[in-house]
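Which chain is which? They are A, B, C, D and E, in the order written, and residues in each are numbered from 1.
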Amino acid sequence: MDLATLVGLIVGTIVVVVAILIGGSGLAPFINIPSILIVIGGSFSATLMRFPIRECFTAMKTGFGRAFREQMDDPMALIETAKELADVARKKGLIALENVSVANPLMAKGVQYCSDGRDAEFIREMMTKEINASIARNEMGEKIFRALGDAAPAFGMIGTLVGLVQMLLELSDPTKIGPAMAVALLTTLYGALLANLLFLPLADKLDTRAQQDRNSRQLILDSVLGINAGVSPRVLEETLLVGLPQNAQKADNGNTEDSIAAEPA
Amino acid sequence: MDLATLVGLIVGTIVVVVAILIGGSGLAPFINIPSILIVIGGSFSATLMRFPIRECFTAMKTGFGRAFREQMDDPMALIETAKELADVARKKGLIALENVSVANPLMAKGVQYCSDGRDAEFIREMMTKEINASIARNEMGEKIFRALGDAAPAFGMIGTLVGLVQMLLELSDPTKIGPAMAVALLTTLYGALLANLLFLPLADKLDTRAQQDRNSRQLILDSVLGINAGVSPRVLEETLLVGLPQNAQKADNGNTEDSIAAEPA
Amino acid sequence: MDLATLVGLIVGTIVVVVAILIGGSGLAPFINIPSILIVIGGSFSATLMRFPIRECFTAMKTGFGRAFREQMDDPMALIETAKELADVARKKGLIALENVSVANPLMAKGVQYCSDGRDAEFIREMMTKEINASIARNEMGEKIFRALGDAAPAFGMIGTLVGLVQMLLELSDPTKIGPAMAVALLTTLYGALLANLLFLPLADKLDTRAQQDRNSRQLILDSVLGINAGVSPRVLEETLLVGLPQNAQKADNGNTEDSIAAEPA
Amino acid sequence: MDLATLVGLIVGTIVVVVAILIGGSGLAPFINIPSILIVIGGSFSATLMRFPIRECFTAMKTGFGRAFREQMDDPMALIETAKELADVARKKGLIALENVSVANPLMAKGVQYCSDGRDAEFIREMMTKEINASIARNEMGEKIFRALGDAAPAFGMIGTLVGLVQMLLELSDPTKIGPAMAVALLTTLYGALLANLLFLPLADKLDTRAQQDRNSRQLILDSVLGINAGVSPRVLEETLLVGLPQNAQKADNGNTEDSIAAEPA
Amino acid sequence: MDLATLVGLIVGTIVVVVAILIGGSGLAPFINIPSILIVIGGSFSATLMRFPIRECFTAMKTGFGRAFREQMDDPMALIETAKELADVARKKGLIALENVSVANPLMAKGVQYCSDGRDAEFIREMMTKEINASIARNEMGEKIFRALGDAAPAFGMIGTLVGLVQMLLELSDPTKIGPAMAVALLTTLYGALLANLLFLPLADKLDTRAQQDRNSRQLILDSVLGINAGVSPRVLEETLLVGLPQNAQKADNGNTEDSIAAEPA
């Protein structure tokens, strides 16, 4: 469970609701079905037009899932697996990898290439192709949520314009101006809320997620190439660890308290 | 038929119409010929100025067509054809490809290069040039719809300013202020609707389409180079499949339920 | 004469004028000299500050010229010339090119390099430098019109703010509020019209033009390198044609009606 | 202590407070708890949704720290240390570096690689990986403050819309319209102030900081590679100095007053 | 003296002042000290926060200077100097360059490298480093003026919001509404004027300046490498001239009137 997405969404909603309640009007006047219809219906229609229909529904579904789920591949676990595989390869030869079952499907494919005796160039090319295809798929989710986030305020404004025109046509009764304009403004409010508290943050979260994915897939590719080259488990671990942000961070903080001046022995 | 474009456009229009009808004013006050004239006329004029006249009309026509039609080249069919061609080339030599009729014009051209005995370098260069020229043409359509989508809200605002100035000049009769301002706002509404429910989504759809095209043309180039190199049908298929997003996706989902831990044999 | 630029500008102007006339106020209240002064004077002053004074005036002058003139170099004529030159070079040697007079100045320079016996590396480097310098010059025109298009709405708003402040200072006479505000809004209208119906479309047209130029200069460079390498006229034509968008388009459309299925002989 | 950040923040705040006090209303009406709640709560919630929860809190904390602290690594001190190390390496061999204690953790790691006898290729690869990981971490801080700076005006507008809707619902008492609208506008004011006087300047400061970091890390990498190659301290200093902006600046200014014309001897 | 910057600034200011005077209110109501305070103080505070304090003041000072001064290095004079130096190098050897005094500090440094007998690779690397450091310094000036240009309208809006809130709190006296709102709008006017007539044009001018600098520094690097390689003065001139925009322009215009058709001899 990705707590950040959930906590952010819930706290943000509570904040807005509390701000409304403090105003003393209650929540009821802030709910208007036609306004909700025009913002949500319009945004989804416009987004549907932008993308292929199949990818659109898939990406929305998996996008929501990915945004609320925690990162799948733990880099440390991947390195651990890579070390075990490198050990097998060194001790029993690459061919022995055929009998090893690997959980991560991309690493499994890479290991199979190794046991099939493919050379490094072939493995790098095939795995890069696969990684790129997977990245393209992940980016589709981000693009769709960003399109929703762009469309929502636009349809919020369209709804407000519709409401303003209808209000202006019936200016005869001044007591109705206020409530009519309040309802017109609700559509803009819905559009702003949906874009800024749902669609755009989710798009950015999917982007962050895609970046993590890219890193872990790069790590898998490096692992497989290392295993194929017969690198020892210890050297492989060292090489892989140095590319992790967490590790570099630890190193930075850990060493800063050390001796300050350069002391030539 | 590209259902996404059509469904999105129809649903979006229905949503806006229903929202207007719920407001109780009926559709009539929302139709204003001069406002439509200024938004559509202005947007098309400004767009016409931006591009060469011939490409402008061609791109609008083919752009609409491409946005509502389904993707032309099915990657799986292309791979199937490539396999058949590779089989012919392996069994009867590249020269035998001369008698094979290929439906896809780009692949046909590539196969002809093969049967003419051209080398890989020449084929890659000529086909890349042709692909780039075709991409440039497709991008023109996207650019034109994006220009329309940028111009429509601007001319919507221009029309509203014209209406506001005329209303302000005749403030003497207060009962006319409301309807006059309603009419002025209609132009902004038209500009926002045209941009957000037609031009910009179509531009994005053409962009998606161009991306698909680029992928299938890359696939054709890879096929022809593989056929020319005498790659076996099975290896060719494997190489081509791995670059498809759909395939990578299937692989991801299919394998995730497999064994979880790495089990060294 | 570039019809697109002219037709777009005229039709766009007519559309706006007709929309004003339909409003019934006549054109007179839409003409306000101080508003025109502040928008045009301000935009040109701000643009003048952004660029070197000499290039600024040159680019405005040639920019207007280029935007309304048709594309200078016809690719087909360039290819025809290149074929004739290749024929001369093949039959009488590169030295014979010295006596051939070439209309296009860039191609003339390239041909002179050939007849001087320069090698391909030298020719490519010198012509690329010249092409880059020419591109930089063309881009200046686009930049200046884009700067005008950015400044015009800003000074439109500045003028409106000046008018609003003056109106607000004299709220005593309510009958004057309407006309004063109408005049204030005119400056915003001028800024929006100048930017969206003149400066920005011209900037985009110059960009399109620069792209065409880049293509035809690339074609000239390819021609000269081909002539220098002693390529036969027929092969040269084939190589050059394939890079043209028009040609690729023709090929696409022409072949699509052909046989649909791949039929191995 | 980074004076620029602190002085800018304090002076900017004083300027706004003084401007309010000159207006004669006092500060009290400008403080509204629900408005503060919605802007700060909303911005942080939306930002929390965009990033991984752990990195989000770390980056906020270290980001504030980095923005107000002075640049850590003095390039001149780094060059001095590098010269001493190069001297040791030349006189006693690379192995002697093992006994030298280096304050900067990245340089210490590089020096250890040298004393371990690693070759230049390995050192460059490992240190580049580490530098990239550290850069990615620093960029996260900038991204988060930029996200806050984007969210704050949006939630300012959302709060104002909420206030406007509530005001419009109760138009019956005209004397309440003014104060209600004043309160509604406060949220927009808070959003604009937070974005323009806190979040966006801090994001830019972190970006500047990251650029300085990148430069000093590049300098460390160059130092270590020079030490490993056995470059003499004098040559190493010369090579490193030329890459410093400060030094180039000094050279520019210092020499401009020199002789003007080229005087061939 | 860069006339464009000065003329643009003066004409732009006159245009705005004249437009105000035509309005009949006189200049006095357009001057408001607190509004000026909040826009200028706020913009400079926010900009100070974004950059290192030392570079901030340096860049503002030199930025103003560079924007109003004419381009320093005349390319033709640089080429003339390069020719003289190449002549010396060819006739008396590279060592003789030691006694030649060169005005341009960068070229002087390059010539010194030549007379020191450094190889081309070393010279290219050292001079490229120096050029990059100098470019980074120049870009800082542009960035700071762009930051001021971004901040000014934001603080203009902040000041207007402060004024509006104070006006809304005291709606009791309707005669004061107009003047109070006029004063509130002044801040927005100041922000728009400062951004569009001062900060942003200066930022663009510094960008143009940086581009010219980059070109002349590239020309100096090419000169020094040519001199070092012992290229003859005539060839060096030819090579350097072809990269100048002015020269290419002259060639284009000069040759267009020449013979039109390709006439094979």
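Brief remarks on what is shown
The criterion applied here is as follows: a residue touches a chain if its C-beta (ideal position, glycine included) is under 8 Å from a C-beta of that chain, and two chains touch if they have at least 3 such contacts.
Here is each chain with its UniProt name: A, B, C, D, E = Chemotaxis protein PomA.
Being a predicted model, the structure only gives us computed values, none of them experimental.
Identification of common neighbours of subunit C and subunit E yields an empty set.
Between subunit D and subunit E the CA-based rotation angle works out to 70°, given as a multiple of 5.
Counting the residue numbers that touch the partner chain, subunit A and subunit B have less than half of them in common.
Centroids built from CA atoms put subunit D at 40 Å from subunit C.
The centroid of the Cα atoms in subunit B and the matching centroid in subunit C are 25 Å apart. Contact with two or more other chains is made by no residue of subunit D. Chain-to-chain contact here is organised cyclically: the chains close a single ring, every chain touching exactly two others.
Starting at subunit C and stepping first to subunit E, the touching chains follow one another round the ring as C, E, D, A, B. Looking at the complex, you find that subunit A touches subunit D at residues 2-5, 7-9, 11-12, 14-16, 18-20, 22-25, 29-30, 71, 175, 177-179, 181-182, 185-186, 188-189, 192-193, 195-197, 200-202, 204-205, 208, 212, 239, 242-245, 247-249, 251-252, 254-256, 258-265. On subunit D, the positions that touch subunit A within their shared complex are 34-35, 37-38, 41-42, 44-53, 56, 81, 84-85, 87-88, 96, 99-103, 105, 108-109, 126, 129-130, 132-134, 136-137, 147, 151, 154-155, 157-159, 161-166, 168-172.
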